[in-house]
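Here subunit A shows up in two complexes: once beside subunit B, once beside subunit C.
Here is the complex of A and B:
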C-alpha cells in the first residue's frame, strides 16, 4: 500500500511540474491545446493526491504500523476518530492535506474562473502549478508520509492535547483558509503576467478570497475555543507564534477585502491591492513554515525537521518574483482617479487598511525578532504579551472605532453638517454607555472602558445603518418593513453581510475585554472539606475520583460551587495520564453562566499525594460572547458569500463578449 | 500488492490520457492559438467597467442622500457631474458598439 501512496505522490508531482512548465509555455506562446492540457494536469494532480490521501487514511484506519507515520502518531488504544484525525496531526500528513486542499482549490478555481479571461487563466494554471510543485516536491523528496519500517507492535500515540473533538475541524478549517489564499494570489499574478490589470481577476476571485478569509477566521476561533477548553491555562489566545501565523494573513486578507471595494467602485488602489494579495499569500506560506520548520518553540509546532530551508527558499522566491512582477507592471496599475476627500468612506477604508497592515507587520516583527536575534547574537530573545497587547490597543482600538465611523460616512466626500446628523445617535449612545460603565465601577481598566464605549458606538452605527436603509427602501413603496429589510440585504449582500461581520468583531472585542481586563483569578491549596472564594462564588473541595479509560487514567477533583446559599453544581477539574504517550494533560472544568455570558473556569494545577489540591479558579465575565461572535461571523460571511442573481446578470452582461472557455 | 499495482497503473494511465486529451481530441487543430481579447474588446471591457462604476457611484449617492449621509446641498452639487460622467460612459460604450457593428458589415468592392 505504501508503494501505491508513493506512486500517487510521484504522479502528482510530475503532473504539477507539467502544469507549471507546459502551462507557462502555453501562456507564453499562446498555444490553446497545450493550455488545456496543463489545466487537465491540475485536475489529474488532484485525483492522484486524492489516491495518496486515501492510502494514508486506510493505513491509519487499519493501524498499519509498517507506515512510520502511523506508528509515530497513533496507537492501538487511540479511538478511531482521533486515529483518522492523525492524518493532519503530524508533519508529513499535514503537508499532504495542504497539497490535497491546494489541488482541490486549483481545480475548482480554474473551472469557475473563466470570467478572468482566457489569457489570464492560462497564466493562473502555471502559478498554481508552481505552488503545488513545491508541496509535492516536499512530500516526495523531503517528508514522505509513506516511509516504511519493520512493523511495530504498537505506535507512539497522539499528543494528548490533540485528542479533542476540535482536532477534527480546527486544522482543516485553517488549511482551507491558508491554502485558499493561493487562489487570489494566482489570479493576481495571472492578471499581471497577461498584462490584464482590469477588474476581471478580482471578479473571478471575489468569492474565493471571501471564503478563504472566512475559513481562516472560523479556524482561528475554533482554535481559540480548543485552547480554552483543552490546554488548561485559562486563556484562549497566547500570542503564540503559530497562532500569530494564522492571524497575520487573516489581517492582510481583511485589508484586501476592504480596499478591493475601492478599486471596484473608484478604480483606485490597484498596486496596493496586488501587494495585499501577495502579502496575504506570503504570510500564509510563512505561517506554514513556522509550524513545520521547528524553528520556534510552540505547542502547535511539529518536531525539528529539515523542511525549514526549503520553505524559506520558496518564500524568498515567490516574494522576489511577485514584487518584481508588480514593479515591471507598475505603468499598467496606475489609477486614473484620486481620493477626493480625507473625510469619505474611501478614506476610512484607507485608514482601516493602514491600521490592519501595521498590526500585521508589528505582529510579524514580534514573531521574527526572536528568530533573528537567535541567528545574529546566539541569544534567544522573547517577545511577550505586553508587546502584542500594546500594539493591539494602539491599532486595534482605532480599528474598532473606524468600524463604527465608516458606515456613517458617505462615499466621495462628507460635509460636517451631514456628519453631525448621522453621528448624533451612535455618539450619544456611546457616551451614555461610557458614563454608565464608569458609574458601575468599570473604570478599573481604562482600556476596558474605551473598548466597551467604542463597541457601543459601532453597534449603534450598524443598527442605524440597517434602520435607515430599511426606512429608505420602504419609502420607495410597495413593501412593508420586513420586505424592505430583506430587499435591502438582498440587494447588497456584501455590504450588509459585512456589517454583520463587524457586529461579530464587536462581540469578540467585548468578550476578549471582559475575559482579560475584568477577569478575577484566585489560587489556593485545599484539603478535602476546605473552600475558597472567587468573585462571589464559594468553591468547596470534596476529594478525588479516578477512572480508567481505554488509553488513559483520569483523576478528577470534586468541587462544589455555591453562590450565597444556592448550590450551583459539582465541577470536576483534573488530569489525564496517557499510557502510550507517557504524558499528563490538564482537564479543566467550566461553569457557563448563559445569563451573564461569563464563565467560572477551574484548573487542577497540582494533584498532591497527601490528598490536597492546588486549585486555580478564574471568573471570566462575558467570555462566551467570543464564541457567539463566531456564529455571527459565520452568518455574516454566508450573507456576503450568498450568490446574488442581479449581480451575476450584470457581470454576465459586462463580460458577455469576453466570457471564454478554455 | 497486486491490487496496489493495478490501482497505480490505472491512475497513471488515466492521468496520461487526461493530460493528452486536448491533443487526442484535436490531433490537427485548425486553430491552436489561445485567443485573447483584441484591442477593441479590451476597450469595450474597460468602458463597461467604467459605466458600471459610474452607475454604481450614482446609485450610492442616491442611497446616501436618502439615508441622510449626504445633505440636500451636497447632493445637488455632486449629482450633476456624476450623471454627466455616467452618460459619457454610456455614450462611449454605445459608440464603440456601433463601431464594432460597422466593422462587422462585410465590404464589397
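Here is the complex of A and C:
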C-alpha cells in the first residue's frame, strides 16, 4: 500500500514537472497542442494526488501502524473521526493536503479560467506547475507521508487539544484559503508573462480570490473559537507568530480585493495590484515556512524539520522572479486614468489599501523581529502584545471608520456639500451612541468608546446604503419593499455582499472590543461551599466529581452561578487526564448569555489536593458577536460569490473578441 | 502629462512617511522589544527579559500561593537558574518541557511576571519517538 502511495506521489511530481517545463515551452513558442498536453498533465497530477491521499486515508482508517505517519498521529482508542482527520494532524499529511488542494484548484482554475484569454492561460499552467512541483518535491524527497516501519502495536495518539471538532475543520479551511491565493497569483503572473495586462485576469480570478479570502477568514475565526473553548486561557487571539501567519495574507488579500475594483472601474493601480497579489501569495508561503521551520519561537511549535530551508529558498525564488517580471513589464502597467480628487471612492479605497498593507507589514516586522535583532545586535529580542495592539489600534480604527465613509463617497470626485448631506445620519447616530456610551460608563476604555462610536457610524452608513438602494428600486415601481430589497441585492451581489461583509467586520470589532477592553477577570482559591463574585455574578464552589472515560479521566469542579437571587445553573470547569498521551488538558466551562451576547468563562486553574480549587472567572461582554460575525461573514461572502447570470452575460459581451475560447 | 504628478504617488509617499513616523515614535517610546535569553545569558540583565529554557528537577510550591518554584536550564547547555512563578500554569508544563517565561533577575533568582508562562512543546504535532 505504501508503495502505491509513493508511486502516486512520484507520478504527480513528474506530471507537475512536465506541466511546468512543457507548459513554459508551449506558452513561449505559442504551441497550442503542447499547451493542451501540459494542461492535461496538470489535470492528471490531481488524479495522482487523489490516489496518494486515498492511500493515506485508507491506512489511517485501517490503523495500519506500519505507516510511520499513522503510528505517530493516531492510536487504537482514538475515535474514527479524529483518526481520519489526523490526515492533516502532522507535517507530511498537511503537505499532502496542500498538494491535493493545489492540484484540485488548478484543475478548476484551468477549466473555468478561459475568460482570462488563451495566452494568459497558457502561462497560468506552468506557474501552477511550478508551485505544485515544489510541494510534490517536498513530499517525494524530503517529507514523505508513506515512510514505513516495523508495525507498532499501538500508535502514539493524537494530541488531546486537537481532539476537537474545530481542529478537524480549521486546518483544511486555512489550506483552502492559503492555497487558493495561488490561483490569482498564477493568473497575475500569466497575464504579465503573456503581456495581457488589462483587467481580464482580475475578472477571471475575482471569485477565486474572494473564495480563498473567505476560507482564510473563516479558518481563522474557527481557530480563534477553538482557542477560546479548548485552550482555556480565556482569549481567542494571542498574536502568536503562527496566528499572525494566517492573518497577514488575509490582510493583503483584503487589500487586493478592494484595489482590483479600482482597476476594473478606472484602470488604475495596475502595478499595485500585481504587487499585492505577489505579497499575498508570498505571505501565505511564508506562513507555512513559519509554522514548519520552527525558526520563530511560537506556542504552536510544530515539528522542527528539515523543510524550512526549502521553503525559504522557494520564497526567495518566487519573490525575485515575480518582482523582476513586474519590473520588466512596468511599461505595460501604466494607468489609463488618474486619481482626480483626494475625496473620492478611489481615494478611500487607496487609503484602505495603505492601512491594510501597513498593518500587515507591521505585523510581519513583529514576527521577524527576533531574527532581525539577532542578526543585527547578536541578541534576539521579541515584541509582544502591546506592540501588536498598538498597531491594531493605530491602523485598525481608521480602517473601521473608512468602512463607513467609503460607500458614501462618490467615484471620481465627491462634492463636499453632497458628502455633508449623506453623512448627516450616520454621523448623528455615531455621536448619539458615543454620548450614550460615555453616560453608561463605557469611558473606562477610551479605545473602546472610539471603536464603538465608529462601529455605529459604519452600521448606520451601511443601513443607509441599503435603505436608499431599496427606495430607489421601489421607485421604479411594480414591487413592494421586500421585493425591492431582494432585487436590489440580487442585481448587485458584489456590492451588497460586500456591505454584509463590512457589517460582519463591525460585529467582529464590537465583539473583540467587548471581550478585551471591557472584560472583568477575578481569581480566587475556594474551598467547597465558598464563593466569589465577578461583575455581578456570584459563583459557589460545591466540590468535585470525577468520571472515567475510555481514554481519559475527567475531573470537574461543580460551580453554581447566581445573579442576585436567581440561580443561573451549574457549570463544570475541570481537567482531563489523558492516559496514552500522558497529558492534562484544561476543560473550561462557558455560560453564554444569549440576551446580552456576553460570556461567563470559568477556568479550573488549579485542582488542589486538599479539595480546594483555584478558580478563574472572566466576564466577557458581547464576545458572542465575534462568532455571529463569522456567520454574517460567510453569508456576505456567499452573496458576493453567488454566480450571477446577468453579470456573466455582461462580461461575455465585453470580452467577445475571441479571446474567451481556447 | 509632464509637470503633473499623480496624487496617488503623493498619497503613497506621505503614508509611507506617516507609517514610518508612527513606527519610530512607537519604538523610541516602547523600546525595541524584550530580549529573549537563555539561562546562561542572564547575568548582567536587570530589566524585563523573556527567558527560555528546559524545566529540570521537580517543580515545587503553589503557583496560586507563595509561588511555583522550578529550575530552568539551557536547552543545549548546563547553566541553570531558579525561577519563582505565580499565576496560571499551562497544561503541558512539567519536568523536561521547554518553556518561555517573562521576568526579572533578582539576587540570582528569576522572578517571573504573573501569567506569562508558556510551554513550548517541541513535539506537539509529532509525538516523541
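Points to keep in mind about this one:
Note that the second predicted complex is superposed on the first by the 647 of 662 C-alpha atoms of A that agree within 3 Å, B and C clash if a C-alpha of one lies under 4 Å from a C-alpha of the other, contacts with A are read in each partner's own complex, and residues count from 1 in each chain.
Methods note: a contact is a pair of C-beta atoms (placed from the backbone, for glycine too) under 8 Å apart; a residue touches a chain by one contact, two chains touch by 3 or more.
Since this is a predicted model, take the numbers as computed values, not measurements.
In the superposition on chain A, no contact is made by A:133 with either subunit B or subunit C.
Residue contacts after overlaying the shared chain place A:322 against neither subunit B nor subunit C. Of the two partner chains, subunit C is the only one that A:358 touches; subunit B does not reach it.
Of the two partner chains, subunit B is the only one touched by A:200; subunit C is not. Applying the stated contact rule after C-alpha superposition, one finds that A:284 touches neither subunit B nor subunit C. In the overlay built on the shared chain, the residue A:409 is in contact with subunit B alone; subunit C does not reach it. By the touch criterion stated above, A:53 is placed in contact with neither subunit B nor subunit C.
Of the two partner chains placed by the overlay, neither subunit B nor subunit C lies in contact with A:85. For subunit A in complex with subunit C, the residues that touch the partner chain are 72-73, 89-91, 156-157, 159, 161-162, 233, 268-269, 297-304, 335, 338-339, 342, 347, 350-351, 354, 358, 362, 369-370, 373, 379-384, 386-387, 390-391, 394, 523, 525, 575, 581, 583-586, 603, 605-606, 608, 614, 616.
On the subunit C side of its complex with subunit A, the touching residues are 6-8, 11-12, 15, 19, 22-23, 26, 30, 32-37, 41, 50, 52, 62-65, 88-89, 91-92, 100, 118-129. Residues 1, 3-4, 7-8, 11, 15, 18, 26-27, 30-37, 40-41, 43-44, 47-48, 51, 117-119, 122, 194, 198-200, 264-267, 408-415, 417-418, 421-422, 465, 468-469, 471-472, 475, 650, 654-655, 657-658, 660 of subunit A are the ones touching subunit B in the complex. Remark: subunit B residues 1, 4-5, 7-8, 11-12, 14-15, 18-23, 26, 29, 31-37, 41-42, 44-46, 48-50, 52-53, 56-57, 60-61, 63-64, 66-71, 73-74, 78 touch subunit A in the complex.
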